[in-house]
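What follows is a pair of complexes built around chain A, which joins chain B in one and chain C in the other.
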Partner chain A sequence: MKETKHDKISNFPSYLRDWIKTFRGKATIICLIGLGIIPFITNNSYIIGIFNTFMIYTIFAASWDFLAGYVGQVSFGHAIFLGIAGYTTAFSTRYLGSPWWIALLLGACFAVGFSLIVGVPALRLKGPYLALGTLAMSLILYQLFLMGSLGILWENAFPGTELFGTDGIGQVPPISDIPIVQYVAIFLIMCASMLIFTHLVKSKTGTIFKAIRDDETGTSASGINTTKYKILAFLISGFFAGIAGGLYALRFSGVNPGVFQPLYSFYAIIMAAVGGIASISGAALGAFIFVFLGEILRLLGDIPQLAVFGGFVEPIFIFSILLILIIRFAEQGVLKPMLERLQNMWDLLLGR
Partner chain B sequence: MSDALLNFLIFGTIQGSIYALLAMGFSLVYGVGGILNQAHGAFYVIATYIFYWCFVNIPQYGYYAGMIIGIIATTIIGGLIYILLIKPLKESHVGVVIVTFAFAFFVERLVSIVVDSIYHNMPYIIPGSFNFLGVNIQYQYIIILIVSLSLLALITLFINKFKLGKSIRAVAQDSEAASLMGINVDRILAYTLMISAFLAAVAAVLYVPVETVAPHIGWNILLNSFAIVVLGGLGSLPGSVVGAFVLAYARAFTNYFIDPVLSALIPIIVIVLMLVLRPRGLFGKKEIN
Partner chain C sequence: MGVLLEVKNLTKKYSGLTAVNDFSFEVKRGEFTGLIGPNGAGKTTLFNLISGFEKPSSGTIRFDGRDITGMKPHKIVNLGIARTFQLVRSFKFMSLLDNISVSCLSPRGKRLAKEYGIDESASSILAAVGLIDKARIPPIILPHGDLRKLQIGKALGTNPQLLLLDEPFSGLSHEEQKGITELIIKLHADGVTVFMTGHVLRELMHLVPRAIAMHQGKYITEGPPEEVAKNKIVLEAYLGKGSEKLA
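Now for the complex of A and B:
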């Protein structure tokens, strides 16, 4: 096992060259290049903003997908990590004046801490407890951060700062005043996160994760401490969800208690499920579909001629139907079938 | 002081009996089918909003019509959920949980589109109150107590004595063996979900006048039901009844004597404490781990 890994690293350039030669590799590179040059071809802050959201959600969806798809631990409270990291980042940039990347890391660390608090009791047990325990935790945090009386207490203890209350934390400075710099920073962070995830699931640890997902009893019978690995997976997932949360706070220049709602956990699930569970690049595609379809639906909702449909073009309503249909009829998601179609067409074009 | 004590006892009892209805259905579905129904709160929301809609839109008899239509429709929807969504996905545990989670969102959005997303209040069945040891008790409370306690007794009787109830218990013990004995497991599971939806709907129409009508109330219901079954033991019916009253009294106690805001935190404290100290709950079976 160790030797093959070593081989891979020593043959790094040729390994990459082989990967690029495959259809998947080409498609990924083209998509990444396309994504990278967006801010250089358009100045439209609306479009750049949508792409920023898409990249942040990609990290978020991938972190959920990693935990659910590869380790088999379904969390319904990923909003916890998004919210905690968002609050930490917003608080430290706004009130402590720390630079954005320190705030981002601090937020991710807080998310890791919370993933320990949530994960350790819940992971001692199986499936249902984790799902509902995480959901319960996010609901409680939502109520906690919404509390006005706690906000007054906090303001008395630390004058001049606001943490609890319906308004949340606003006026968070962005990563940079120049949109392109912010875009590139988010882009690079997203690429790094996706790279880490892809390598992680291919590594030896990733194999153990997949073994736990497929047969937990068998894995622990092989002498592997499954609880340790499950907690490790929870920490990794929490860290990246925290990164996404920090970026979220920086990109939307603020957070409010709403980020703790089950809604945001739902976002992660729908993005991962649309792209296909247990596929990191699927999470990216899912996030793309989610963000852009959501934006289109929002624009449709504003058109007065479509008022006959009432509020039925509301994004979350449509997405909940979409999620039910996808899980019910196409558990593979859309990425794998789509890639196969595309590859067939590509081969046809090349005359293979 | 004695007023607060009496209020705490009365409100705790009322809330406990409502929670018992909700948690019993939730626990039953888990115990019989191993199905973790995230849409349990959605049943409550459906019943609440049908009730509210009928009350507003049907003149004169809207209140009672809403109650009856709400309970019947929710029960049917519970059966449909099983047949259309849960049954095809029974093999994948994750699929069931995600689908019911999505359904809960679907319901939350649907009611806020069709009705609206503002808070509403509903009148009591019989308005007015009587004086008991210096404390005003609404007639509604008495109705809640009588209906829910008798329903709990009926369900227990049904599960233990009737043929259908015995089949439900058989499926809960071993669904494969039960199907070999000629029990249609799918039908039993559909009935179980219908019972669960029915109990949630009854709880909704009784309790909504005391609380408020809003699309997101379902999540709180789900949270409390989960805390109760973790306390009592997932899948244990006596456990869910005891757990319901313990949780309700704990919430009422913090509400009246400590701080109303903290009462919202009781469920999570219960969940975390139980998961750490005694994961199988007070009455849970040992193999649930």
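Now for the complex of A and C:
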């Protein structure tokens, strides 16, 4: 065991060097550099805000895609983790005065706890039943956090704090009052999350995850405790969806029960499917398309002359159509074909 | 030669159907045994019971002196019983090397792979089953014979003491059958106890020194395959009543 570990360390730089040599590696590095310098070339808070949302959704979409695309556990209730962590982070920064990073970790831990509550019974469910079960659980939480009567009970028990009710928790302080600091913090957290996911799916544990996805019975016939690995996958996915939820609360200065809505679970699925299921960088591209196309549609909706078409430029309307087109005509998402085209163009430019 | 697998009074009932009926037999360490019986005799159900994929209605299964009745499949694999399936199973979108690696990553497989590393162990198993030149391709594009070899390779990754092969020849051409036969003989020579099923008597006849006959879930007889083939009930099961006159 010791020897293999040593091998891995000595192999690591060459593995990284090989990756950078590929077109995909270069493209990723260029995109990351571009993303990293954005707050230094503009101080337009609107643009910085959109990029923040994009990076948070990237983590969220990747956490869903990791569970569905690599482990084969399709959840339709991923909003549970987003919401629980969002609420925990918002509550602890607003009422307990925690620093943002402690609140963020606490939120992720709560999401991990809920991924156990959701994951353990859900492991008895397979395929569409798992999807339905998780969907139902997210609806239960949505309804609970919406309940005014619970809100009154809570306020009586803990005066001065609000948890349940339609308003949610507002006035959450941001990561930093300086937008650049907040941006860089989110950027680094996103990079770390993506790196962990990428490493995980390429590791030996990732091999077991993919085996469970391809044939669960066959995996147990290979002597693998599939229950253990499925729970592990739920915990990992819950943790990162929780990180996304905490960042969401910090970036939007609050949360309301709406984050538990199936719509948010659906967002994760749209982003992952558009980018390409079972592709971590695909989730990033999907989130990018989702956030920016969504923003363009929102701007179009604000044009008075287009008011007649109001309903047609609703993001969810367009995205649902897009999703149907993607799963019908481009099952592998847009990342892979796009990279191939770009690489062909690049090779052509270099005269190869 | 001690007893490796001991099955006693094993019964599996589904509603209205008894697939395995009060079945008892033993397999000794290092033996090479065949389980014969026509289609629907209950051979696969018996394998599912031994490997933990189904729970018996009654009876006990002991492996290496240990009661394994009703244990989870992965636990049984890690005690040293590996199986293959009649309908081939594989991790369709993963390379052959990764297909084998999964078995090498099981607790029992890891102990074997510790010395050389997972990839090296998986490669040596691929070489042993004759698929090393296809290590990087996924099983979806493999011919049926190679998939059967892959199945055996996946079982070997867990370092089994007892190998259960469920119809390893079904759907194979004559050439492919020869390759698998050679592989099984080699594994047995390396010290693996082999217990395999087959519904075509001829295939097993030349291979195993001892055969157990099964019909409608019941134990019929056992012994050298030529003798088992002369048994009246076995003949009836395969050829229908009155066929002993033909034989």
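FYI, the second predicted complex is superposed on the first by the 342 of 352 C-alpha atoms of A that agree within 3 Å, B and C clash if a C-alpha of one lies under 4 Å from a C-alpha of the other, contacts with A are read in each partner's own complex, and residues count from 1 in each chain.
As a convention for this text, contacts are C-beta pairs under 8 Å (C-beta built on N, C-alpha and C of every residue); 3 or more make two chains touch, one makes a residue touch a chain.
These numbers were taken from a predicted model, which means no experiment stands behind them.
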Would you check which partner chain A:S222 touches, where first means chain B only, second means chain C only, and both and neither mean what they say? second
Once the shared chain is lined up, is A:A68 touching chain B (first), chain C (second), both, or neither of them? first
Looking at the overlay, does A:Y129 come into contact with chain B only (first), chain C only (second), both, or neither? first
One more residue to check, A:T207. First (chain B), second (chain C), both or neither? second
If you look only at chain C, which of its residues touch chain A in the complex? 51, 53, 72-74, 77-78, 82-83, 85, 89-94, 98-99, 101-103, 105-109, 114, 117-118, 154-155, 157-158
The answer for chain B against chain A in the complex is residues 30, 36, 38, 85, 88-89, 92-95, 97-99, 101-103, 105-106, 109-110, 112-113, 219-220, 222-223, 226-227, 230, 234, 259, 261, 264-265, 267-268, 271-272, 275-276, 279, 289
List the residues on chain A that touch chain C in their complex, please. 1, 3-4, 7, 204, 207-208, 210-211, 214-215, 217-226
Per the contact definition, I'd like the list of chain A residues that touch chain B in the complex. 68, 72, 74, 76, 121-122, 124-129, 131-133, 135-137, 139-140, 143-144, 147, 149-150, 262-263, 266, 269-270, 273, 277, 310-312, 314, 316-317, 319-321, 323-324, 327-328, 331
